[in-house]
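Below are two complexes that have chain A in common, paired first with chain B and then with chain C.
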Partner chain A sequence: MSVWLLALALMVPVLTMFYASISASSGVFSHLWQTVLPDYIQNTLLLGAWVVFLVIVFGVPSAAIISQTNVYGRRFLRWLLLLPLAMPAYLVAYLYTDLFDYAGPLQRFLRAQFDWQSPQDYWFFDIRTLAGAGVIIALVLFPYVYMLTRTAFEQQDKHLLRASRTLGFSAGQTLFKVSIPLARPAIAVAASLVLMETLADFATVQYFAVNTLTTAIYDTWLGYGDIAAANAIASVLTLLVFIVLVLEQRSRAHQQHQTNRPNQAQPLLQLTMWQNLLASGYCWLLVVAGFLLPMILLLAMAFDYSTGEQVVELLDTGVNSLTIAAYVATIATVLALVFASYRRFSQSKGKQLPLQISGFGYAIPGTVLAMAMLATFGPLDHWLNDLAASMEWQQPGLILSGTIFAIVIALVVRFIAIANGTLASGYDQIAKSLDYAPASLGVSLPKAVGRVHLPLLRPSIFVAWLLVFVEAMKELPAVLLLRPFNFDTLSTHIYQLISDERLEQGALGAILIVAFGLLPIIWLNKEKAQS
Partner chain B sequence: MIKQAFRASNIAVQLANKQILQDISFELAAGDILGLVGPSGCGKTTLLNTIAGFINQQRGELEIDQALTISASKPMPPEQRRIGMIFQDYALFPHLTVAANIKFGLSKLSKAEQAQRCSDLLALLKLDDFADRYPHQLSGGQQQRVAIARALAPRPKLLLLDEPFSNIDARLRNELMLELRQLLKSQGITAIFVTHNKDEVFTFADKIAVMHQGKIAQFGVPSEVCQQPNSWQVADFLQLGSWLSVVKQAGVLQSALGVLDFVSVEQLDTLADGSDKQLLIKPQYLVLAPTVKANVAVKHVSVTEQGYHYLVAPIGASVADNESSSPEQLLSFYSADIFQVEQPLSLSVAAHQALIF
Partner chain C sequence: MKKLLVGLALISASFVSMAKEVNVYSYRQPFLVEPLFAKFTEQTGIKVNVVFAKKGMAERLAREGKHSPADVLLTTDISRLIELHDKNLLQAVDSKTLTEAIPAQFRASDDTWYALTTRVRNIYSAKRMGEHAFTYEELADPKYKGKICTRSGKHPYNVALVAAMINHHGEAETLNWLKGVKANLARKPQGNDRGQVQAIHQGLCDISIGNSYYFGKMLTDKKQKVWADAVHINFPNQAGVGAHVNISGVAMAKHAPHQDNAKALMEFLVSVPAQELYAETNMEYPVRVGVKRSDLVASWGEFKADDLSLEKIAEQRKKALMLIDQAKFDL
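The block that comes next holds the complex of A and B.
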């Protein structure tokens, strides 16, 4: 029962926010609806659709090329294609704007080369648009689609592919007739994950001045101080996310084609030299555009502009980031351990529910979570202060909503799903018979958990902690909205510099963020190589 | 003259530098059903995959329907071979309905022709009511029928079946085997199937090929192979009987059950004096001989529909024999009488055409 309450407690802020926005004066909502909201919703949906389209165009062919053909450099491309995940989209946005803008090196070079004088003399794409934001977001998110689709391809029953061959289809035709249709649920899951991330994106669209629901929440709250309106917009965004979440869960339910006969022995599609160059070029283009080029630009920037002063600044914000991330990772891992253990050992019918309920947080955008924390802890703080005043104690101030407490809770809610998943699958790898064996040896279950399960789970616990830690390090919008005055983390610091168009001074910090982002990818790759 | 439907000559296959198949040659007439049997690792599945085209041979030639010749230097992808295949797990496309599965290989036909062929097959395999179901909504037997319909739809010249009955309940297996055999016969389909189960071979096949270490140890009609196995391996794998150690001494064949005097002089002449051999004894040739002194002891009794089945061990055999009363050292026979475990009995070997290896 207490486990249930704990899981529900994590969702309380979001519910509070809903309640607050419903009970807010209806004037707020109708005013929003008549002014900016339709635009924001339209932009959000357009951006979502565009990104999903792009990640499928990027992710599915690359997954097919890597898993089904003898493409050049297959062994390296296999993991290189995952690297863009480590790049925060807003970093790429900044770097590419620098590169492709009118005043950027590329256009300057073109003008000098062809003797063009002004923008009227030639056409060049404008990156600071909704379309440009979509391309950049897709470039760093497509690895989700690539990874899940590739895994789906690799786990397809090789007999299904052979059956198609004996029924008259060539290996290439089989790819389109069987492999891709079979991978559809996996593609759908990946696409909905990308869609959630896109809906949650704040910094990229903000930087490009594309008004979406996340930027609207931010502007309404920090710009106009209108918490009721911000709550209302956050609720609309949550509804959108919820629809995507339902789509995702339904797609997952359809993922039942996988077998235990992975098709490793399946011979690869032999490409002709030109096809091979094209295929490998496509993959390299994605790797370069999504990771290598931004990384090189960052390194060059760091090399040119780094100073000792920046390192000191970096240490300050870095310590803040590490502190928050460590709190979040520890709390999330402990809670996830409780939920996963409950699922494992409880006799009750709904033993999975705490795990599932607490896991929904991953779908909720950081900006929404921030609003939820404010909606919940703001009144609580006021109540505490009133209480203190009436008791004639010193007033504590905003101890909940105005400190890192709110940030930590928000990030725990957002990232506990990662720890949940890691620990639940860790438990699944422990044979069920080990639950009973200790009892037959006269050892009670609670003791057995300590002596058998926890030691066996140790690697999973470590990985769960690490993954949450990294995500908490990188998270931006929730921290940006909730941080106490004059408090900066690595990511908010970088974001500030980006907003002020002087990332040069934070290039080292940006590299640090990317480096942290690489950790889970390295782990992911190791995991795959072992299995 | 019956048309030749399939020929393999001198097939050799190497995988990862290991010789998996060697000197595989045989022919099948149109409508023949061939059973490939052998212990696991003997290469039977590799042979099936080579015929299907999933593996290419390093040497030798395959000829399908006298029309397609596939040599090591001119391999042909599976989709051009006009073969049908039924997989062990059926490999039905989970995202397609039964009808769509059956029509999968018919894309070269017009829509109307596809529908016609599909409904014919649905009727033939008694699947009419399941056309719109998905594979996971069907029972194992129904799934197998869909797999058969799908494989037959493009009218393959040769049907390959990989352990077709291994996923079927033992009780239903015989029934399904007879049903499928009847179907293949009525359609005149040439088929090759792989199994490790000797009962399936004897029920289902017109010809059998017993494989051993990448070669065909014996090829022939089941009754012939059963009566005249050409090697110890063939007889042992097909479990045609039990083994009795014999030794030729002073011109006669000695055994734990006494002198075997029914062995012909010509056959004795082929054996060297003093050499240890194994005599294959089918259960029906072991008979109770009350007059002779007890020479075996009962080790195991099981009840069967043909009476009691006994495993007995020779008494007073050499030390080496006593040490290991493992099942292959035991003799097997049936009797209607009840004996107790460890009860001594006297058995003799009835006169028959001896098979000595």
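The block that comes next holds the complex of A and C.
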């Protein structure tokens, strides 16, 4: 019961949003519908599909290469492929636009080389398009797919793979007929996380001049001043995502995955030299495009524009970011563990639901979510203050909606879906038989979970914490709106400079975000290597 | 939990209890206003606390209601001030200092908001085009096909311009104008005002629309100077109604807990030293009559400003947005 209450508590902002959309008038809607909304919807669907396609194309092969072959540099690539996660998409968008734009150095160089005078003289891809936006978003989000799929591959029952080979399947056939189908829950979870993140994105698509449903949300709210209609569009978006998730889960409802007899002795697939070059080249391409190149651009800017004093000044800001991210990651992981365990062990019919509904917040654009937090905690604050006044205590002020409390809760609501997905797919990798074995030995369930499941879940718990931590570090719109006075995080710091078209001076802060995101990734890698 | 509540109460209480302070919600960039605040604190001993945000500030204020810690609101454009006003989040400030410093057309008729600076929506043109007296209207002329660059039509600066067009020409003609400009665009609306000048420098287009102060900022930036050097800054419609002007402004929150300090800050912001600082650091036009412009801004010459009232512009804002959507300007 208490699990349900917890899940519902996380749903409150979403319910607030639904509720607020009830009073939406049809005026703005019908105007939008007749003018731009069909284009926005089309763009949203195309972008979502394109990004999901790309992250699978980026993430699954790289996961297969790293976990199953003797690719060159495997030890490094294993964690290098995670690094793009630390890069905020809006930042990469900014950097790459600068680089590939008509006015950017690359096209300038080409024009100088070939003596082209105007854009009519040659063809060059336009990065500020839906396709370009999709590539950028996919480049920083594919590590979700890579990470969860790789974990799934590594925990797969190797006996099945051997059986497949014994029965005459080639290594490639085994991959497609056994490994990937077995990893499908992990791939699906990761892809749906990416989809939600994409649908909620505003900064990147805006920068690329791609109008999506988030554009419509902001237009109706800030432009037309109709917050109810904005909430309605956000609600539709959320429902859309929910439907996709349910359909996906339905489609594999009857599959049973029995695993967790990881056998380290499984030999790696030996690639020929050409295969090996191709495989490692593919991985390196992803690492370079998603991480190294943007990082080099940032370093060059920081070198040009930053001073030692700025580093010291930024430390406080950095501590704010770290504090918030650590709170959010810890709370989200603990809650997700509760939901995922409930899903695993409860006898009730709706055991899936707490996990599903608590993750709703992920598809909501950050600012809309922040508004929902204000709508939730604002009245609560007023009630507390009135109570204090009636008791003749000192009034506490806006202790819920006006402090980092609201930020932490908002980010937990937004990102718990990541922890939920990671831990649920982690549990799925643990054989059901392990649930019954302790009972037959007379060990109680909580004890069994503590002694058997949690140790097996440890990698997933770390992954969940890390992913939420990194996302919370990067989050911008909710923090921007909910923060108290004189309070900056690295993301708000960079945003302020970017919005004044001075990314150069924000480069240092951007490097710090990435660096702080890297620490847990490296730590995680060590942790996993030891276990 | 109890400890947490007490802790949070202490954090929030620290904002309420200190008497010598004033709390600012700012749509304006911190680095722009911080030098001003530093000077204010130096003069008065009043500490200034700032939170900077754009989207949702009005809703935050509304939700906080009578417990809101906000005293002073700083905005970058007229539509935000009117929004705050229409949501009944402001209070009138009765100050002779303010009314004497600021011309009547640049403050609310009910004293709820005051402009601090003005900025022109200029037309930038490539030097290779030669000199020309531009009008906003002629941007829809087919002779400029493929020659115009602009940021999103729905940016508040462009929306205000379109709202002014509606005031002068009516809806139908404005819609035609929008469609005409759209047909002349060299590329889909994107980027910011400076990015358009950069595109002119690179030869992608010849004409762009942008705020005046960006020109000054580009000229003083080591990387961007070459962009600005490639263009003329034009003050449109000089033979007609004059160039479209927008403002940045200030207002006092309805439930301001430190009203006296808030008033002191507002009055400081229109004082000569503060206005000079605005002019120097951000290249804007000071609203106070008689305050010197920065030398660079002054070098662009005198111009005729459209004297259409800001409240009238704000009235047409929503309509302007609908027309922009109708013309599918950004798509």
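Operating definition for what follows: the second predicted complex is superposed on the first by the 312 of 531 C-alpha atoms of A that agree within 3 Å, B and C clash if a C-alpha of one lies under 4 Å from a C-alpha of the other, contacts with A are read in each partner's own complex, and residues count from 1 in each chain.
The definition used in the following text is that a contact is a pair of C-beta atoms (placed from the backbone, for glycine too) under 8 Å apart; a residue touches a chain by one contact, two chains touch by 3 or more.
None of the values given here were measured: they were computed from a predicted structure.
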{"item": "First, second, both or neither for A:169, with chain B first and chain C second", "value": "first"}
{"item": "First (chain B), second (chain C), both or neither touched by A:446", "value": "neither"}
{"item": "Touched partner set for A:486, first chain B, second chain C, both or neither", "value": "second"}
{"item": "Touch count on chain A, higher of chain B and chain C", "value": "C"}
{"item": "Which of chain B and chain C A:308 touches, first, second, both or neither", "value": "neither"}
{"item": "Contacts of A:159 with chain B and chain C, given as first, second, both or neither", "value": "first"}
{"item": "Chain C - residues contacting chain A, complex", "value": "5, 8-9, 11-13, 15-16, 23, 29-31, 49-57, 59-60, 63-65, 67-69, 83, 152, 154, 159, 187-192, 194-195, 198-199, 201-204, 223, 318, 321-322, 325-326, 328, 330-331"}
{"item": "Parts of chain A lying in touch with chain B, wherever the complex brings them together", "value": "157, 159-160, 162-171, 173, 177-178, 181-182, 184, 256-257, 259"}
{"item": "Footprint of chain A on chain B - complex, ascending", "value": "52-54, 77-79, 81, 83-85, 87-89, 91, 93-95, 104-105, 107-108, 136, 150-151, 153-154, 156, 160"}
{"item": "Contact footprint of chain C on chain A as seen in their complex", "value": "31-32, 35-36, 39, 102-103, 108, 117-119, 128, 208-209, 211, 218-219, 222-225, 227, 367, 370-371, 374-375, 378, 381-382, 385, 394-403, 405, 477, 480-487, 492, 496, 499-501, 504"}
